[in-house]
Amino acid sequence: MRLSGLLRRPLVLASLCVIFGIVVVAMIGPWIAPWDPLALDQNNVNQGSSSAHLLGTDEFGRDILSRLLVGIRPTVVVALVSTTIAALLGTALGIVGGYGNRTVGFFIMRGVDIMLSFPAILLALLAVGFWQSGVLSLSIVIGIIFIPQFARVAQSATLQVLGQEFVEAEHAMGARYTRVIFRAILPNILAPLVVQATLTIAAAILLESGLSFLGLGIVPPEPSWGQMIGTARGYMSQNPMYVVWPSLCLAMTVLAVNILGDALRDHLDPRLRNA
Amino acid sequence: MNIVRKLGLATGLLALMSTSAIAEGSLWFGLSAEPSSLDTVVQPGTAARTVKLAIHRGLVNYGIDGKISPELAESYEISEDARTYTFHLRDAKFHDGSPVTAADVKATFEHILDPNGKAAFRNELSIIDAVETPDDKTVVLKLSTPSVALIGYLALPESVIVPAAWLAENKDNPTATPIGAGPFTFGEWTRGQEIVLEKFDDYYKEGKPALDEIHFVFYGDENTRVNALKSGDVDIIDYVPAKDAEALKAGPGTELISTYGPFMGLQFNTKFEPFSKPEVRQAIAYAVDRSAIINTAFNGIGAPIWGLAIPEGYMGYSEAKKDYFSHDIEKARELMAKAGYPDGFEARLLASSQYSFHQNTAVAVQSELAKIGIRLTLDLPDWATRMSKAGNADYDFAVLGSLGEIADPDWLTNYYYGGDKLVRTNNSPYFDDPEINGLLDKGRATVDPVARAEVYDQFVDRALELSPIVYFMWRQQDYAVREGVTGFTNLPGFLTFQSGYSLENTKVED
Amino acid sequence: MQNIGAFGFAIGSRLVTAIVQLWVIATLVFSLMYIMPGDPVLMLLGPDSNPTPEAIAATRAQLGLDQPVLSQYVKWLGGAMQGNLGTSLDGYPVAQYIGNGVFKTLELAFAAILVASLIGVPLGIAAALNRGRFLDGLLTSVATLGISVPVYILGSLLILGLSLKLGWLPASGYTNMSRSVAMHFEKLILPAITLGFGLAASIARMTRSSMLEILGKDFVRSLRARGMSERRIVWRHVLRNAAIPIVTIIGLQLGNLMGGTVLVEALFNWPGLSTLLVTAVSNRNYPLVQGAILTIAALFILINLCVDLFYTLLDPRIRRKRA
């Protein structure tokens, strides 16, 4: 896999920069935020841009820029943790579904079908209703929701790999299952999984923001982008830029992840490359 | 492309035809919720009350001036000892054409007083010992204890009169078509979408109602509701969010109908140790800058309360006591120290994410109380969870947004009385002060207005001293209408949620 | 004729799977509802009015909510198997609520798919035919942007611009066809566009890649070698082959929309199944939640089944394999 070719594409490079920037800000956001994102200022509510508040203030007089910077973290953490959960469990299920015992595999894949037959956002809506929502519970719920997609990808990739000679060679040499899985299968199904991971990150960000938008996400007063957009929607006539900033940030992030995902897929999927 | 053109053509043609299909006097009412029930004796919220008051009338109701207005009863007398209420019925008809008689009134009250029934105000009305019907047009209520407050409860939308025959048949049938004696008849309820009411031609008030039909359309989301009014999808909306009030007031094309009705405050679980001490509750009353809440959570709209939430003009209102508290951090710290918490403590504040003004009040309170060392965790579940937590006293303290049910000072009982049910949705759980209980009992039974006012003055002193509930502000409760909608009145003060009464006067001009 | 038998068997096994799927979902939702905090009786009687314990107990008994959970479950399942979704807590049949909502959701979904296909398919084809050129880059970027913008942002912007500022279209609601057909369609336009925009983007992307896949096939090369005109190749052969995956994708998107309309329904106060579900959840109206979810899942499964059947019937490769 030569990834250097990817870096030569300006759009991909730009996306990588955006993603890198977001991850960095997610780590250091609270330290570079010019204001305390939770500090109320009753005399300065719904202000436009000024030298004190670059992006203005929200309905509590809190600094929007600071809230954006700090609000990245829950967005990023939820996206990454949920994708990790989905990837680990989904891949494991997919490999077992493809490589393991037939009966077990059958039930696993039917289970995956059942989960897939249910719209993600409705599941999340129900699940988040039960627990006090927060970064952890959101991550788990969203993670579980995306397990079946990973399982599907992992299973079909595993089935493809199984037919190839080197796997049969390992079997012929009497290798144990775990060795086959980790030495032969996993490295060879990694490419589609990486692509799936980028798609899942984008989808997880959108889902988290959608839930926060519906008031089911991150608990106030902690900021998150989706929640900011949901609130700002009500202030569109008073402070139009309030809704614009978080929307821009969110769309840009998802766009960057999607561009990267597309590029990776084009690069890793031999069918498309040769077409 | 062909399909698109065809569709466009069809739409155009139908647009020409369809204007005539919409009746002249139709009012489209954007309601903040779908009523969970139209059962008259249940009180599931403002949306249901608005619809109920369009369909039904009681013996008396609260009129547009906030005073008791005789409705199905032409007149009434309360005996000197406040133990006998006599009502003289007028000639009115129910929607099924039958006359409103004393027997219907009797059946209605028997239904309300049924110990296994669902009546929301059964407790308050249970002092009715007997309903006597000397003739078809006279009803006499005999009370077990004297009460001058009863008339207020009889005026509520939950005490409206329904036909005896209808009750006999439909008492346990929640899907029965509602029949009342109010200005509009029940038309259709498209579940999840709208309730349609039609004009009742035999309504007992000459020339009313003006409207031919009302469509109550359910708009749960506040932003969507406001947009619907602005774009003309509906003619009137309830629960205007504070952030939109100014814009809708300024128009063009929209008007705001406002009143200060509900109050915002805090109710304390007195089993949570710090909140068992009156000093701590008072400290909180001193610590919270009311303008911080009004300016942030309510967009600058609202009036601060520095004493008890008794509206001016109501019995118990005291000019001298209205500024009992002030914004005084030093005093708050002293009180905290006196109570044994010089460094503050940690507590959970319950509110709800479902209503932005509840959530925003909690956020503002959190920031204000941090200044005297009270560190808050916000608990912001949806409304159903919030209410069931309130019902189980599963909180340290909670944001209270409510109002008095009636204009009579006995509304205070619901908030301050101890008694045998110490956890209620609107009281401070486990708060039980014999002196306050005694004053409330006495106030209810005192007939002479001057003597009665004295009782409530004493009550106010005691209530401020103990401060089981701390009040922050009067919330402006707004309806917004499109230009051309006239005659809708926001009933003053606590009665704002009974404004559906004025739909009988409402007109729409195109 | 033997493949008709095989076909029937395939349908039969799919139906069995579908029933098992619905059962698992129903059971899952049933158990979730019972661990959820909040009391349906309290919501029904009005929590603000301090219902008396007697009233609460009486109502609970009347609704059968005082029965053990297991017997409630068995009773509900028994009803559901006979097609009876039970009674909503306010006394009306759940089926009546569902009946009011389901067609509105379907209407919105079909309208959105129509919008999305009319935009997405031509753009996808154009991009594929111009692979690597400027137009392709532009269309691909726009499509990627399209799937990156959350529907609620797009919807809010459309309401603000087209409805509140310009006053061209209503901002919300639903008008029955019997009342005003024109108004009915006017109110459909904005939600359909909002929902259709993101879908158009993903349909365009998938159309593009299906086209590219077919364009890369050997038979295209041999057709070219035989000197057939490029135009004829594209319109007669490539499109015909690419049509199957494209239609399949559109079908799958339609299935996803059964629950995927929730944000748009909320934004435009569209009284469909999702709005019903969200309200029912907030009122803890258990039977209604179960009924709505089951309906959504059943529609999803049904649509996917139809898509699969269509795919099996039309795809020459699969047909050949079976024969």
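By written order: A, B and C. Residues from 1 in each chain.
Just so we're on the same page, a contact is a pair of C-beta atoms (placed from the backbone, for glycine too) under 8 Å apart; a residue touches a chain by one contact, two chains touch by 3 or more.
Predicted model only: the values in this text are computed from it and were never measured.
Trainee: Identify the chains in contact with chain B as well as chain C, in label order.
Mentor: Per touch definition, common to chain B and chain C: A.
Trainee: Centre-to-centre on C-alpha atoms, which chain is most distant from chain C?
Mentor: That would be chain B.
Trainee: Which pair wins on C-beta contacts, A-C or A-B?
Mentor: A-C
Trainee: What's the distance between the Cα centroids of chain B and chain C, rounded to whole Å?
Mentor: One centre to the other, that is 39 Å.
Trainee: Distance-wise, how many Å sit between the C-alpha centres of chain A and chain C, to the nearest whole number?
Mentor: 22
Trainee: How many Å are there between the centre of chain A and the centre of chain B, using C-alpha atoms for each centre?
Mentor: Those two chain centres are 44 Å apart.
Trainee: What are the residues of chain B that contact at least two other chains?
Mentor: Within chain B, the residues that touch at least two other chains are 354, 381-382.
Trainee: Listing for chain A: what residues touch at least two other chains?
Mentor: 129, 233, in rising order.
Trainee: Would you pick out the residues of chain C that each touch at least 2 other chains?
Mentor: Correct list: 37, 266, 278.
Trainee: Under the stated contact criterion, what part of chain B meets chain A in this complex?
Mentor: Result: residues 222-223, 241, 243-244, 247, 289, 291-292, 295-297, 299-300, 353-354, 356, 359-360, 363-364, 366-367, 378-382 of chain B touch chain A.
Trainee: Give every residue of chain B touching chain C within the complex, in rising order.
Mentor: 4, 7, 10-12, 14-15, 17-19, 21-22, 34, 36-37, 42-45, 48, 115-123, 158, 172-175, 190-194, 217-221, 224-225, 227-228, 230-234, 354, 381-385, 387-391, 402, 414, 424-426
Trainee: Chain B touches which residues of chain C in the complex?
Mentor: 37-39, 42-52, 54-55, 58-59, 62, 88-92, 96-97, 100-101, 118, 159, 163-164, 167, 169-174, 176, 179-183, 185-187, 266-269, 271, 275-276, 278-279, 282-284
Trainee: So in the complex, which bits of chain C are touching chain A?
Mentor: That would be residues 17, 20-21, 24-25, 29, 32, 35-37, 140-141, 144-145, 147-150, 152-153, 156, 160, 209, 212-213, 215-216, 256, 258-260, 262-263, 266, 274, 277-278, 281, 289, 293, 296-297, 300-301, 304 of chain C.
Trainee: Contact residues on chain A for chain C in the complex?
Mentor: 11, 110, 113-114, 117-122, 125-127, 129-130, 202, 206, 209-210, 213-214, 226, 229-230, 233, 236, 243, 247, 250-251, 254-255, 258-259, 262, 271-272, 274-275
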